[in-house]
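One structure, as structure tokens, below. Some questions next.
Every chain is named by a letter (A, B and C) in the order it is written, and numbering of its residues begins at 1.
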Amino acid sequence: MANQPSIAERRTKVWEPYIRAKLGFRNHWYPVRLASEIAEGTPVPVKLLGEKILLNRVGGKVYAIQDRCLHRGVTLSDRVECYSKNTISCWYHGWTYRWDDGRLVDILTNPGSVQIGRRALKTFPVEEAKGLIFVYVGDGEPTPLIEDVPPGFLDENRAIHGQHRLVASNWRLGAENGFDAGHVFIHKNSILVKGNDIILPLGFAPGDPDQLTRSEVAAGKPKGVYDLLGEHSVPVFEGMIEGKPAIHGNIGSKRVAISISIWLPGVLKVEPWPDPELTQFEWYVPVDETSHLYFQTLGKVVTSKEAADSFEREFHEKWVGLALNGFNDDDIMARESMEPFYADDRGWSEEILFEPDRAIIEWRGLASQHNRGIQEAR
Amino acid sequence: MANQPSIAERRTKVWEPYIRAKLGFRNHWYPVRLASEIAEGTPVPVKLLGEKILLNRVGGKVYAIQDRCLHRGVTLSDRVECYSKNTISCWYHGWTYRWDDGRLVDILTNPGSVQIGRRALKTFPVEEAKGLIFVYVGDGEPTPLIEDVPPGFLDENRAIHGQHRLVASNWRLGAENGFDAGHVFIHKNSILVKGNDIILPLGFAPGDPDQLTRSEVAAGKPKGVYDLLGEHSVPVFEGMIEGKPAIHGNIGSKRVAISISIWLPGVLKVEPWPDPELTQFEWYVPVDETSHLYFQTLGKVVTSKEAADSFEREFHEKWVGLALNGFNDDDIMARESMEPFYADDRGWSEEILFEPDRAIIEWRGLASQHNRGIQEAR
Amino acid sequence: MANQPSIAERRTKVWEPYIRAKLGFRNHWYPVRLASEIAEGTPVPVKLLGEKILLNRVGGKVYAIQDRCLHRGVTLSDRVECYSKNTISCWYHGWTYRWDDGRLVDILTNPGSVQIGRRALKTFPVEEAKGLIFVYVGDGEPTPLIEDVPPGFLDENRAIHGQHRLVASNWRLGAENGFDAGHVFIHKNSILVKGNDIILPLGFAPGDPDQLTRSEVAAGKPKGVYDLLGEHSVPVFEGMIEGKPAIHGNIGSKRVAISISIWLPGVLKVEPWPDPELTQFEWYVPVDETSHLYFQTLGKVVTSKEAADSFEREFHEKWVGLALNGFNDDDIMARESMEPFYADDRGWSEEILFEPDRAIIEWRGLASQHNRGIQEAR
């Protein structure tokens, strides 16, 4: 009896793979840049799951190679030198690699070297979809992209626009902040709420705990968790302290955020949001152990060129400022404030969760069980 | 014989508790702010012995709670939200704690949570005395404050004024610098010395080593060490190098610093200083392993309102600039210059002490033996 | 068979002493400052092989002592106090040391201390030659300077001028960058090449691998390696990528860099360079694990006062800007870009070398075998 694990030990054991996944999950697709940011013949360095990667567009298609020369380990993008359309040459000794397969096809300083043709830089599968560049860090044949994005994201008539920024917290704190229904509280003073006349309670008093989530884990489909708190709870509009009313939620006219779900490898879908006809899809892309790329997109079903153009204008003129920046800035602040508590892994066992965190617990379990691999620190 | 400890090992063994006390001593009182800095309903974050603590004054009384929400570990003071006089609510999910006992009395986002009433933030005993806010980091009932301050500090007719600043060295180097009589040498060019016509030798040639200190360790009283070097030494006014006079001390008219003593948990008393009717009390308060709060105060016995007002003016107009800053800036420089040598604990065994350091050795031993607990790093 | 070491393990085993020598080699001479930088009675702090050292010129001769007081470990140079020509006194308690032998000859604050005459600061042998100050970090009697400089450097009629700068990479990456013949590629766009009409191929296609280097390890002489790539290779002036010419070297009129050699403890000789009558000697002096002092000098044989003066003018007006800065800035960039790959020692086993690196491999082996001691981190 004396040696039984504590509650904290038991629960962190279930999430153990998730706790190890400081650098995210291997064998999954992550967005790293907007397609418009990768121009023909103009290499762009990025960091993903702790790996330095160099992107370039060649003949219209985007490629991704390891951004470190095999020879002496220098960073190729420190001084980009491309002497043919299909290759990049290391600025130090002229080791020359193909963008498409990473092969060392020539060495400019020693054209007869035995290394030529025998070595290759690591390459990473790339997919371009909905104006985003997705990169796959993994082994073997990549899974179809459609299994790594929320349902509906790739629908043909859905227009997507987005932006990204670097946040100083681990990616898991981004995911848990986004998926956490109880966190609406931090948005209570956002101008989006009043300005867009949104119904925003302070929080939710949950009902039957077994009805709070629904997981989807069918083979060949995205794996994710729905937070059903909205359906099985009483929204809280009056906050009481020691018996007296102390603060109130916003009773607006627009009902939004009806369906909230999170998907492997770490992408949220909120529908509708921030307006009845829009959906927010947002990724928490692991950069290194202490930062993630917050990749925010809004989608809208459009059936004409006019509707598409109108949505694009509205995205840039209205939603970037009001929602993606204004509203979500509160979330970034929350993730960065959690970081010290979880940075050395203590937070996972010392945190004290409450009823609305049921959805987060479900997500941790699903991610632990259904990820395709954990990226280890090198 | 071969396995006998070296001299360095033997002496560091006696001081071993002191060497471990990088973060200071638990179960002791330390000053953290001036009383005037803690206004009603205006929380102020501080760090003490490595712990993040939030102070507030409620109904005139000052309280101290742990500055980290129990739920997801965010820092409460990152965005202060108080919706009732007696509580603070976490800005993230509205977990609401009482200032007086730390109890989780409500959760604004989920008023029916089972956690309400079952959890509490850590609280810290607070005492306000002589215009200073003292905080106790410890376990169980606190010791009376009078056992943790130098004799006379709390005397009814003694007026106290002070200031504090952050110094980039461990607190022990602060304490040893202050208590070290031989360090007068660094003050030889201070304008206080000439400007206030103080007798300031270069150092002291000690007499009988057994008469150099006197410890006080009576139960129920402050524990400390007196440095008796002034009584049992010959003051050195002429510094000789290889037989030739090289430098001279200051032969002024005012005799000061007649009694020097240091007290647990790390507070110095110099009497009189910097003037015949004043006493300096100064604390070296552990903030974290590499910095301490240098809390400087001057006391004067005053028997009328006029005398009290006059001392207060004199403190601000004269002594802050001339003594607490001007003179003691040399000490801060010395502590910060020692820091690299002691930061990895090598300094404690590699230092080479000399006769006037007898008082420091005595202090290390007393602190090792009579502290009420060591604050461990978490 | 299963337990045989991998190729990477085998080769790093041969270089194991070199890999350990993060802080350089003990019992060798390194230049640390120009002689003109050390004026009479004006102490200058430097860092060498991780040790803090204080230089001063006394009666024309330069001395070097440990820059840390024996007593409480403060840095003497934080506040220089010299009260006699032959000594420095610690600013904290007046411990007074002789420049020549480091002896503690007096303590100004306690003239009768038993420590006086019994203790001494560590001192370091110093030699002044060719306008450079050399310091020896080691044990026992130093080796003659002539064994630690490239052949010819001390020749009587050779004038030397130089400069130094701090580079953010380990010293070994400096040495390997300098000695690496294949790295001419990074200089292809330097204005020195066109401006001085230098023959500069892109690289070298090596011939017989056994003829690429020649080592000198005779007793009582400098130990070093010559890179014979220039003699036993075909210079590459046309770089081909997948069968098509992509880039060209510079076919100038001046043939330079005919003889390239590197010498213990880490000094390069390139002859002639950057002009047919000049020789470049350059040191990669270990400062700490992640930085080195890049000490660059040019030498010229001069047989008259006029020739010497003319060379001095030319050095400052032409070669500093065009060669030592302009040209060698590319090298500094390369060293700093290699640093992350080698900083945790992975680079030594993960790098993939090619034929022209034969000289570097030879140097690693010679340095591993013939150094006189490895400076360990304290």
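Heads up, the rule we're going with is that a contact is a pair of C-beta atoms (placed from the backbone, for glycine too) under 8 Å apart; a residue touches a chain by one contact, two chains touch by 3 or more.
The model shown is predicted, which means the values in this text are computed figures rather than measured ones.
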Copy-to-copy rotation for chain A and chain C - C-alpha atoms, rounded to a multiple of 5°: 120
Same or different residue numbers at the chain A/chain B copy interface, by half rule: different
Centroid spacing, where centroids are CA-atom means, of chain A and chain B in whole angstrom: 48
Residue list for chain A, restricted to those that touch at least two other chains: none
Residue ranges of chain A touching chain C (in the complex, touch as defined): 68, 70-75, 78-79, 83-84, 86-87, 89, 91-94, 96, 105-115, 119, 378
Chain B-facing residues of chain A, complex: 182-186, 202-206, 236, 239-242, 244, 246-247, 333-334, 337-338, 340-342, 347, 350-356
